[in-house]
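Shared chain: chain A. Partners: chain B in the first complex, chain C in the second.
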Partner chain A sequence: MARMKFLCDAERCIECNGCVTACKNANEVPWGVNRRRVITLKDGEPGEKSISVACMHCTDAPCAAVCPVDCFYTTPDGIVLHDKDLCIGCGYCFYACPFGAPQYPQKEAFGVRGKMDKCTFCAGGPLPDNSAEEYKKYGSNRIAEGKLPACAEMCATKALLAGDGDMVADIYRKRITKRGGRPKTWGWETAYPPSRS
Partner chain B sequence: MYRGILFSLLGALTLAALGGCYQSPDTHIYEPGVYKGGSDPLLTLEKTPKQQQRLQERFSLIQTDR
Partner chain C sequence: MSRDRSGTATRAKRHKRIMLWSLLVMVLGTMLLPLTGYLYVSIVPAQAAQGSHNQGVNPHANYWRAVREGDKGYTSASGPYTTDTLIQNGGENYRNFRNGPISSIGPWVMAVALLAIALFYLIKGTTRVEEPRSGRMLERWSGGERLIHWYTAILFIILEITGLSLLFGRAVLIPLLGIQGFAAWAEFAKVIHNWSGPLFMVGIILEIVAWARYNTFKSYDWDWLKKFGGMLKRGVHAHAGRTNAGEKIWFWFIATFGLIGVCITGLIFDFPNFGQSRETMQWAALIHSSLGVLWIAISFGHIYLGTLGVEEAWQGMTKGEVSEEWMRQHHDLWLEEIKKGGTGQTADKAARDASKRSPGTASS
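Right, the complex of A and B next:
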């Protein structure tokens, strides 16, 4: 059984925001909600790098662990989804998520939160596949159509990879071997430089 | 005699009305950490080898380096 994962190759990401646009377009995400964002590190400095971030569909998802109404479930392919009919919009999952993936549409005045919305790996939700209700509530279900997430398929530089974790890792490993190293924008040496310790 | 019937009818109605206000004292306890939402047909679809093959073919077609 495949284990679906995202991987963003920072050496290839050119901060075009094509993935963000593709996600918005494919899922008709409401105004104010971004299921995917491009983060730039060292912006304007030498060594600037960008990475595309969304729900990482964690194997042991902290959002699911803290949900008081247990509205999260994981598919056999490892995609973390949730039921919006059960969600109470409490925001616990937002605090638990290390990637800031859960988003809340502002429904009323005074910042009242609506139901949580997040990346579904283009796999919809707990409704009949590719039905009008599923599209309205969760967005498109490309996985049921045998397709991969729109963000990764639209990536012009193939920086964003989505699919079976083993296959994604194989591609990335080959790239690393060809380049002869990993980016130094983050990692142990960046967090704890030798000069500080 | 009619008064007796009327009183007994009123009594029965009062009992029925009060009975409608009854609330079960039993607490419904949910099992923590167990998904309680609706079923997703994708879960059964994903287990089929055909679907797995479709996704693998799609990955090889779209995601691999040119």
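Right, the complex of A and C next:
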């Protein structure tokens, strides 16, 4: 069985936010809820790197471990999903998640959280595949249609890879062996001293 | 002969001394020698840094190490739960502390408290009023005080049930109610907990304002603690004012750990709309649940002493009145103060109430 993984190649990501847009479009994510976001490190400085991040579908998911109502489950493909009919919007998964993946729509006063929403690897939820209710609650279910997540499919530079962990790793390994760890241009080390980047 | 014996004695003493000293040297050596590593690092930091650099450590590793340690970046995405941190580590501590010590030790703290109380009750039974009652009644708690107490107490029990459901329900209630049944209860419990929390805090503050002056520690409180309030032995009594040393400790526990440790931290993650960080809310949640469990465990003792443990204590908080004999046995100094009329209105009212209740005995 495949184990689904995301991988973002920091050498290729150009912070175009195409993945964010693709995600919002594919899943009709409400305003203020970001299932995926691009983070730029050292923005405007030498050594700037961008990375697209969403739920990483952890093997031992911290969100699932702290959930008081046990609403998370892992599919046979290794995708971490949750049941919005069980979720109580307590916010514990947001405290526990290393990647800031869980999001909450705020409907009521005093910042009361609605049902948690997060990246589903475009695999919908526990409701019948590609039903109207599933789309409304969890967004599209591209996995059931034999497709990969919209964000990775739309990535222009193929920085964001999604799919079976072994295949993603193979692609990335090939890239690394071709390009090496660091740029090999003469004088690069002088222009950008390693201590600064 | 005697010199010989003294000679062996001093030798034995010397042996013992040598043994002790060598043991001490060994223990200190095993403890201190490994610490010289710190000394080495602090003396040659520059050299060490230079050395590692020359060995060609991949600077990318340092780049990603900083990210792993929670380095912030920039993101154009915006929303209340959107962060510019790629990886935050606090969550793992939150998870391990919540699913570790709080979940494993917490239930034991409460269970041990309950067991200890049950055992104490089985051995000692109810503390009864020793003198025969004259029928003279005195005011223990005024109507206002009782109102504040029961307002807070009822909210405490509601918060206790809902809070424990959220903390331990996954382990305890899901097998009983089923996953959907428990989710429905948890949703309700969360709303109730979130709304009664701030109302409960109002009660706690009112209690502190009303009773702080009766809860200053006096010299006789030490004696009360040493005698354990006379709870262990019939006929042994300790001095106490309006509140005894045990009640004072309970009061100050609530005023410090309860108000600051549980109520304030509760507010921090009850209202997530003030821009407080994830780290703040993680710590607030951990402190809230661990001190909350402790508070519940201690409250068992308070509830026991107010109901089964001490005869007539219950009436003091429900009807507001207790017999003079009860007062003399448990709060002798307060009784003196009432008799002196030092408390003004309270004592007048007590006397009036007493005469209303049993005019024959009050006039005698």
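The working rule: the second predicted complex is superposed on the first by the 181 of 197 C-alpha atoms of A that agree within 3 Å, B and C clash if a C-alpha of one lies under 4 Å from a C-alpha of the other, contacts with A are read in each partner's own complex, and residues count from 1 in each chain.
To be clear about the criterion, a residue touches a chain if its C-beta (ideal position, glycine included) is under 8 Å from a C-beta of that chain, and two chains touch if they have at least 3 such contacts.
Keep in mind that this is a model prediction, so the values were computed, not measured.
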Partner chain in contact with A:Asp85 - chain B first, chain C second, else both or neither: both
First, second, both or neither for A:Thr40, with chain B first and chain C second: second
Which superposed partner A:Glu11 touches (first chain B, second chain C, both, neither): neither
Chain A residues touched - chain C or chain B, whichever exceeds: C
Chain B versus chain C as contact partner of A:Ala123, first or second or both or neither: first
Chain B versus chain C as contact partner of A:Lys158, first or second or both or neither: first
Partner chain in contact with A:Pro76 - chain B first, chain C second, else both or neither: first
Footprint overlap on chain A, comparing chain B with chain C: 65, 69-71, 85-86
Chain A residues within the chain C interface of the complex: 15, 17, 20, 31-34, 37-43, 47, 49, 51, 53, 62, 65-71, 85-92, 94-100, 102-104, 106, 110-113, 181-182, 194-195, 197
Residues on chain B engaged by chain A in the complex (per definition of touch): 30, 32-43, 45-47, 51-52, 54-56, 58-60, 62-66
Of chain A, residues touching chain B in the complex: 1-2, 65, 69-73, 75-77, 81-83, 85-86, 123-129, 141, 143-144, 146-148, 152-153, 158, 161-164, 167-168, 171, 174-175
Residue ranges of chain C touching chain A (in the complex, touch as defined): 53, 58-60, 63, 67, 71, 73-92, 94-95, 98-99, 166-167, 169-170, 174, 179-180, 182-183, 186-187, 190, 194, 269-274, 278, 281-282, 285
